[in-house]
Amino acid sequence: MKMIEQEKFWGTRKIWITIGLFWVFALQGVKAETPSDGFEKHLQLATMNAGEMSHEMSHGNHNAPESHSPGHANSVYQIDFTWETQSQQKIQSSDLRGKFQLVILAYTECSHACPILVADLKHIEGLIPKRIQEQVGFVFVSIDPERDTPDQLHQFSKKMDLGTGWHLLHGDSTAVMGMAALLGVKFRQEPDGSFSHSNLITLLDPEGKIVFRLEGLQQNPDALVHLIIENA
Amino acid sequence: MKNYLKRILLLTSVLLFIFDAGVLAEQRLQVPLAYAPDAGKTLTRSPGKVRVDLETKEVTGRLADGVEYNFWTFGGTVPGPIIRIVEGDEVEFHLNNHPSSKMPHNIDLHAVTGPGGGAAASLTAPGHTSTFSFKALSAGLYVYHCATAPVGMHIANGMYGLILVEPEGGLPPVDREFYVVQSDFYTKGKYGQEGLQPFSMEKAIDEHADYVVFNGSVGAMVGDNAVRAKVGETVRLFIGNGGPNLVSSFHVIGEIFDTVYTEGGILPNQKNVQSTLIPAGGSAIVEFKVEVPGTLILVDHSIFRAFNKGAIAMIKVEGEDNSTVYSGKQADTIYLPEGGAIQEVLVASEESLTPMSHQERLSRGQRLYEQNCAACHQMEGQGIVGVFPPLASSDYLMEDLERAIGIVINGLEGEIIVNGERYNNIMPSQRLTDSDIANVIGYISNAWGNEGRLYSAPEVATIRASLKSH
Amino acid sequence: MKLIWGKLFALIGVLIALVMNPQSVSGRELIKIPPGSYQSAYRNEGDPVQVQVDGFLMDALPVTNDQFFNFVKDDQRWRRSARNDLLADSHYLSHWKGDLDPAGPNHYLDSPVTNVSWFAAVEYCRSRGKRLPTINEWEYAASAGLTTLEGSGELGFNQYVLEWYSRPAPPVLPAVGNSARNFFGIGDMHGLIWEWVLDFNSILVSGESRGDGGLERELFCGAGAIRSANVNDYPAFMRFGLRSSLQARYTVNNLGFRCAADLLGSGINEND
């Protein structure tokens, strides 16, 4: 009788001890792995996934390199440039707050890559689920302020069939240079008047922090879209 | 009720455990780095997610005795460390450029399939870090190097190393593994010219190397720095050639390579090889079993590089003799493969105009010895038994110093007996000034237990003149 | 009476000095660089080999720690403790003992100020009524030798410049103005520090310098291939290499700057 009672005594306690140990172990692991800011964990995942994916896609062919991590966690809207949009509205950089913004620096006369960049953005636009469409905007900053007047930008947006979520911005050379410096975009004007520039799509979060950089043309945007959906 | 609660608790615990294990699986293994001549440990793990942290740093260090050079390095050494991973690993690579660097640096790993081998993604300003990821698709022994413009200069200053991607399960086991990299250096001054030597772009373009060395400096793996093995052990060498220009005719004096993985590929495709070619920016893996004790000498068999530019390294093998395999004499054709005429060694040496003190002369003598004589007679004057006669406590030397001076001037061939051992090799004549000969003879006749005297330059001149008249 | 004459003479002296050399009032010189051309080490397909540069004004010497201290004294947004991570990374002014203490063990007050970002340099120059020089302006000014306009034609010039890269960093960064001025009258263009330029981010090379022959169509939309125009100009390659590794917020402990200005209508404010 005593033996059986002893067994019973330890029986249930054994289970509880095992469960307790599981909890201790589990919590330790969770504490170590989850950063305090859940969004930042997704950021780490984002930069890693882009690299893994881009390398699994091709073996030895030309493929855009892994994007550098943003390097800082501050809003680019702190430098509040003034712009004029394609609808001749005067806005500040900070007016873009409140939504995710996908930003490119390009110009309308560009015949090769810029149409592809715009198409890439439209492709991403198509991948955003309807319920969060209101939370995502698209920004085209012209690096050719001389020719890309607000009117010219308006014509362009019509030609490329760009919707209401799009802002095409005209700014002075200081604003353009400043924006390029903040986003890490390289560009220069050639002697023949054309421009050379990085092919880069930058994702800003609703506060204006850089959370993703997609370098190159026709890159797989899945990680970027995933990031938006997760945090919208 | 209690039962129900217990079940829920058990279930949540199990779920958390699974999640935790999953999260743990995301953690990356830190890849250890090994510094030449150490080759690190064989890997038997399966492929997974790993992380490499590598630092670029500009370091002033010794290129040869009395010669300093501002090296640009990976990991603070030339060559950079050997990185060992497994085929299939997914690598997260962190390149850190030390804040004290003047230059930006990046890395091209020949093991990476992707633009520039990583160079495009890793250009890093001083004091900053770049991160990129790649998957190790192919096993093999690959070179990595800096590819920042001007690329030749970054490589020439020492920015190279090896990355070994082992096949899953690891390479077949051996007793010893060593990591050696050959490379060439180009300095403004000539070989041996003292002081901090700047890089010479002109000589590098002309491919006119001043130094050809193993593991980043003259004598890095010689004498006390030699690696060791025991009789009966199998030895594997991972050898790289950082270049920038010269191809190596790699040979180990006293051994035949039992197996060669030509050009660092993963197929052991050749047996019984004496010398194997290692392309600049390439590698090779050689294996051999050491059968007898003695010193094995690694050379670039473009032989003037070995004896006049520093391309010598050593493996000291200890253990029991095996006289059927080797009786005690080594082939001696290496010096003059074409005949017995004594050739002159042109060694430029500036005549010192200021008179030197006794101590200065002995120091100068030591310097000269290390640059011109130590390659054969060794740093402690012990020579190599049966090959190069000793100078330390040498009866042959000390019984007639004037004869020794004559040998330095004119060279020597034919059999001699030193300390009871026979030597029948050829010593080339040395083109040294009279005062340098006086200094070096002064040094050797007063070192390592010898008790001689210091000759003067005029005395040497007299000896030289009297020899000419014979 | 005597006192008044003395003051009058002093005033006349100052007026003469102003008229003769309007830029040197506070002792920080601006040099007038005449229009000209130089051979760029990198150029795009279709660009002329010689790059034309308009005349402009340039600081004779790099901006010093002392001068930068005067700047942050007045503008507290640029003090180290007020650092905005968007505009300067964590090493900003790390060599100073304190916010308002520009001294430190590894430099003199008269050494060029380093550990400053592009944004900081732009702001400093703007506050002085000046701006950063462009790449073309900087390279053109640097191409002059000691006695002629063509440095690369002078014996030993290229080797002298190249040797800076072979030397380790000195334990104490020297003060400005201790090397000979070049033919334009500019000093310390070589052998002291790297320098920020206005359009540092206009170099469309990927960091994979062996592929720079064809402008990567994937990464950069543009006119054509970058070619090396002068294969012997290694220092220029290295300057291009460094510039392309930078982001605007970066600070580096051997990267400083000097200011420039347009010839006409410059509202130069010399309250250093």
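To keep things simple, chains are lettered A, B and C as they appear, and every chain counts its residues starting from 1.
Here is the rule we go by: contacts are C-beta pairs under 8 Å (C-beta built on N, C-alpha and C of every residue); 3 or more make two chains touch, one makes a residue touch a chain.
Worth saying up front: this structure is predicted, and the values here are computed from it rather than measured.
> Could you tell me which chain lies farthest from subunit A when each chain's centre is the average position of its Cα atoms?
Ranked by distance of C-alpha centres from subunit A, the top chain is B.
> With contacts defined as at the top, give the pair, A-B or A-C, that has more of them.
Between the chain pairs A-B and A-C, A-C carries more contacts.
> Report the inter-chain centroid distance for subunit B and subunit C in whole angstrom, where each centroid is the mean of the CA atoms.
That gives a centre separation of 42 Å.
> Report the inter-chain centroid distance for subunit A and subunit B in whole angstrom, where each centroid is the mean of the CA atoms.
Those two chain centres are 48 Å apart.
> How many angstrom lie between the centres of subunit A and subunit C, each centre taken as the mean Cα position?
34
> Could you check subunit C for residues that touch two or more other chains and list them?
Counting only residues that touch two or more other chains, subunit C contributes 89, 206, 216, 244.
> Multi-chain contacts in subunit B: which residues touch at least two other chains?
115-116, 120-121
> Which residue numbers or ranges of subunit A touch two or more of the other chains?
62, 64-65
> Please give the residue numbers of subunit C that touch subunit B in the complex, ascending.
Residue positions touching the partner: 89, 91, 162-169, 206-212, 216, 234, 237-238, 240-242, 244-246, 250-254.
> Going by the contact rule set out above, which residues of subunit A touch subunit C in the complex?
62, 64-65, 71-76, 78-79, 106, 110, 112-114, 117, 177, 180-182, 184-188, 190-192, 194-199, 215-217
> Which residues of subunit C touch subunit A in their complex?
44, 46-48, 84-87, 89, 118-119, 198-199, 201-204, 206, 215-223, 244, 247-249
> Mind pulling up the subunit B residues that touch subunit A in the complex?
6, 9-10, 13-14, 16-17, 19-21, 23-24, 26-27, 90, 92, 113-116, 118, 120-121, 130-135, 137
> Would you pull the subunit B residues touching subunit C in the complex into a rising list?
58-60, 70, 99-100, 102-104, 106, 108, 115-116, 119-128, 147-151, 153, 196, 198-199, 201
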